[in-house]
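Look at the two complexes coming up: chain A is in both, with chain B in one and chain C in the other.
Entry: the complex of A and B
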């Protein structure tokens, strides 16, 4: 500890910290623009100049390390003179357009100009003009003359985003921030630059000119998208969500937010919102009252359970639904006598059901990811599936951790990857077995007999060698691995690798409530059918909660066939969607901002939130709809007054931490005998196609990440098929086929075609994994 | 003695003449009472009457939708909605003043960075049914267009004090 004195206040601070850190810790404010606690020190705005005794001139507090006995004055005549001088210089070229600036009212420059600026400018000459730039549909760089060149956005890209998309070009008065060669900013974390910008140079494009900061009320919420459960500050005006900002939570999202969490609010007022209950009568949709719609549903369900039997009723929910919704859905189904309820719609291997020791989770708190020194990332489109988690891994790698990747696609993770093994999906189990065997050899440990037979390749050996050195190993199973047809085998092997390496094993939760779904018991158990079986053997009635089967299910072909074959489909959805073709009742439910609820994130953190605005039109929170439906069906125990009592019942008063367990018993290791022939499909769920809300967020849909999917293959595969890149091909799986353009990506393994799932353009295809036929269409090929 | 004095005083009608002298003085003094509506009181250039929205000389509306007037209005009489116009500028899509709420304090005028919202010298207006005194943007602009000459003259007179 070092003792210093700031403004006469004696402070003991850690050696290595800077004056500004010590001052802020002690509650003394030092004005600053370029300094940010999460970014490196640039010291280029000079706003934080302070007087340090025995120093010949003022020093920047952000770049001055504390020294024993240092005496700092932040308010002395010299310091104030320096700060006022800097402020005058900053304002020399700053346009006086605060009235039309979106940052007006929450602008750091505006605030500090009140404290340190003169009342009028002495500058009479022309101000500099920086031309506007178009850097994509999310971030507006229309008013770059406002920029004070603090370079926070540049440093964010380099240090947190992992990708330097903005840079400072030219020098002196001509210095300006721009993207490379007029390119767009494509980072999935780009929205954070808007928060970081201390002035109005980078602002939010969707929010542009829609509201002023002082008109907005700020309400807490939790992101319904990826498994992080990022904390949100939802800003509301006139019962409408105007924008979403991060709510700082050091243990989850720090002070960041992914673009998906930040800009998805646009979908909350999308024209596709379903606002009135609708019933199909004689093939025509009619708007009806809630009473009529719910009685129709209750009658239909009682008829089917009384006739064909309750086992002919099934319920499919997305893991983006809240704990309360999932709990009441399964309670309703079990009340009628059916256990066919599932939320794991994209999963295809259910062989671990009944053999799990507890609820699968991350295996560690999120914050611990930063402390790991070796990663094994199995089957994860990490950057797109978990943008902020990827950023944590990136920070760890930057501090010396080694990332090892086993996957079927080699997307740039924007971090140094020490070793990687990119293989076709059916070779992944074998590859993990190789790593396990190699690791056992390194550790001189005994290993499962089934693994003895494999021959270890160089990639697996390198990964094993890296893991063997680790003191804090994290083996993480991504979305792709969880959706894999041999997910249980992958889990078993990954778990053994983690045990052998003395590390931790975990799942990267696909959605906001992937853990909560298990805790809500929205899984079939021994008596019921899981998501896959429910669609393979079509039921007579389906209840769909937030689900768009053609986009959310593992096998959209099969799912749609089941829907069309069913006697009754009840869709609880916030949006009008494809269900209007096959459903009989559409019930408008409230998305996350309009209902209270709970999400349990991938680390098992229970986060309850309240509604931020009233439901649109006649939409109602789904837990209330299910509660009334329970009453109409005369089921016992559906007398809840608030969502809190549903949550408390669902969690049973037991701490969630005790139920989290990745253990698996009773599954034997079985390595696949031979590789399948033909081209295999590799499916990612594009970042802005993952759930119903983001699919309708207009600005997100205008990004490059939301482009129409292409069939991507290795260049050699294309040559083999005689297809030039860019040509149109016909892709067929089972009975369905789609036409997409092909593209070459030599980082993919041979024998695979990468075709995105979850997108309307590929909804006619079959399962996310398995063989797929690629044919040239007439008019393409050579 | 007193009695005799008062006898003569009342006999000579002195009190009456005293009172009549006041009347006479005011009879010949300049008149203060204004015969409204035939006559009107003089107004200063800072008179705060009916609101108007101004335009620039080229016909472009001045208001940029910064909402400072809405924020400062102590009576919450102003309601503004803003959107980006086709040419990329920030413009109001709605600018309403509820004159029934307005207390004519002039804060809106004072807060306006572009002199768009002003209070004119007009105080003779009325509404015949509920809602007539809820002024919308076209109404305010029409007032501005009609009285721009006087408004500009008043702003010019006030300029040196601002």
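Entry: the complex of A and C
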């Protein structure tokens, strides 16, 4: 510890920290613009100049390391004179357009100018003009003359986002922030640059000119998208969500948000919102009252359970639903005598059901990811599926951790990847077996007899060698691995690898409630049919909670066939969607901002939130809808007054931590005998296609990430099929086919076609995995 | 694409730096490009970025920061006249005026035949030779007067001597 004195206050601080850190820790504010606790030190704004005794001139507090006995004055005549001088220079070129600036009212420059600026400018000359830039649909760079060149946005891209899309070109008077050749900023974390910008140079394009910061009330919420459960500050005006900002939580999202979390709010007031209950009568949709709609549903369910039997009723929910909704959905189903309820809609291997020791989870707290020194990432589109978790892995790699990747696609993770094995989906199990065998050799341990027969390739050996040196190993299964048809085998192998390496094993939760769904018991158990089975063997009635079957299910073809064949489909949805073709009742439910609820994130953290605005139109929180439905069906125990009592019942007063367990018993390792023939499908769920809300967020849909999917293959495969890149092809699976343009990506393994799932353009295809036929269409290729 | 010669030169440069800090060679790499082509196009910057495993924008930052990198063609022989104080006192303005009149171009311009480009530069640390200009940032000519300028231009025009000293 080092003892210093700031403004007469004695402070003991850690060696290596800077004056500004020591001051902030002690509650002494030093004005600054370019300094940010999460970014590297630039010391280019000079606003934090302070007087240090025995130093010949004022020093920048952000770049001055503390030294024993240092005496700092942040408020002395010399310091204040320096700070005022800096402010005068900053204002020389800054336009005086605060009244029409979107940042007005929450501008760091504006705030500090009150304290340090003069009432009039001595500068009479012309101010410099920096031309506006178009850097994409999310971040506005229309008023770059406001930029004070602090370079926070540039450093964010380099250090946190992992890609340097913005830079400071030219020099001195001519310096300006821009992208290379005016390219669009594509980072999935780009919105954070808006928060970081201390002035109104980078502003939010969707939010611009819609409200002033002081008109907004600020309410806490939790992101309903990925498994992270990022904390949100939802800002509301006139009962409408105007924008979403991060709520700092060092253990989850730190001070960041992914663009998905930040900009998805636009969908909350999208024109596709379903605002009145609707019933189909004689093939025509009629708007009806809640009473009529719910009685229709209750009667329908009673008839089917009384006739064909309750086992002919199934319920499918997305893991983006709240704990309360999922709990009441399964309670309702079980109440009428069916256990056919599931939220794992994109999963295809259910062989682990009944053999799990507890609820599958991340296997460690999120914050611990930063401390791992070896990663094995199995089957994960990490950057797009878990943008902020990827950023934590990136930080760890930056501090010396080694990332090892086993996957069927080789997307740029924007970090150094030590070793990778990119193989077709049906070779993944074998590859993990190779790693396990190689690791056992490294550790001189015995392994499962089943893996003795595999021959270890160089990639697997390299990964095993990397893991063997680790002191803090994390083996993580991504969405792709969890959706894989041999997910249980992958889990078994990954777990054994983690055990051998003395590390931790976990699942990267796909959605906000991937853990919560299990705790809500929204799984079939031994008595019921899982998500796959209840579509493979069609039911007479389906309840859909937030689910768009053609986009949310593992096999959209099969799911749609089941829907069209059913006698009754009830869709509880915040949006009008494709269900209007096959459903009988549409019930408007509230999205996350209009209901109270709970998400349990991938690390098992229970986060409850309240509604931030009133439900739109006649939409109602789904937990209330399900409660009333339970009452109408005269089921016992459906008299809840609030969502908290539903949550408390769902969690049963037992700590969640005790229920989290990735253990698996009773599954034997079975390595696949031979590789399948034909082209295999590799499916990612594009970042802005993953759930109902984000699909309707207009600005996110205008990004490159939301472009229409293409069929991507290795260049050799294209040659074999005689297809020029860019040509249109017909892709067929089962009875359905779609037409997409092809693209070449030589980082993909041979024998696969990458076709996105979760997108309307591919909804007529079959399962996310398995064989797929690619043919040239007339007028393209050969 | 970067020519084989440029790649070879960059590779030689890279030996001076640790293997994981390839970007240290960016300034040299840009210089090699300019030596060969006379200027650095955006495509060249992208190529240098790919070669050194750097973000495009980081190369662009460097290329736009330094005055001596040409971001557009500046003629076969680019004359950079120092216009700082010492040179000015010794007649840099007359030198500049004479060059403008003789070549028929203004500052930052290139003659129609693409042979000569004219720009002003900052102090080159050779005030003893003032007034002076450099040819293609390589060869420095001092103690300039009309006669000497005529002689240098004629020499360059006849192609006897390139920009190299």
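By definition in this document, the second predicted complex is superposed on the first by the 782 of 782 C-alpha atoms of A that agree within 3 Å, B and C clash if a C-alpha of one lies under 4 Å from a C-alpha of the other, contacts with A are read in each partner's own complex, and residues count from 1 in each chain.
Going forward, a residue touches a chain if its C-beta (ideal position, glycine included) is under 8 Å from a C-beta of that chain, and two chains touch if they have at least 3 such contacts.
The structure displayed is predicted, hence computed values, not measured ones.
Touch criterion not met for A:283: it reaches neither chain B nor chain C. After overlaying the two complexes on the shared chain, residue contacts for A:164 are found with chain C alone; chain B is out of touch. Shared-chain residue A:400: touches no atom of chain B or chain C. By the touch criterion stated above, A:100 is placed in contact with chain B alone, chain C being left untouched. Once the two complexes are laid over each other on the shared chain, residue contacts for A:56 go to neither chain B nor chain C.
Of the two partner chains, chain B is the only one that A:209 touches; chain C does not reach it. In the superposition on chain A, A:637 makes contact with neither chain B nor chain C.
In the superposed pair of complexes, A:653 makes contact with neither chain B nor chain C.
For chain A in complex with chain C, the residues that touch the partner chain are 158, 163-171, 179-181. Residues 64-68, 71, 82-84, 88-90, 113-114 of chain B touch chain A in their complex. By the touch rule above, chain C contacts chain A in their complex via residues 42, 45-46, 55-58, 60-61, 64-66. Those residues of chain A lying in contact with chain B across their complex are 98-100, 104, 142, 208-212, 214-215.
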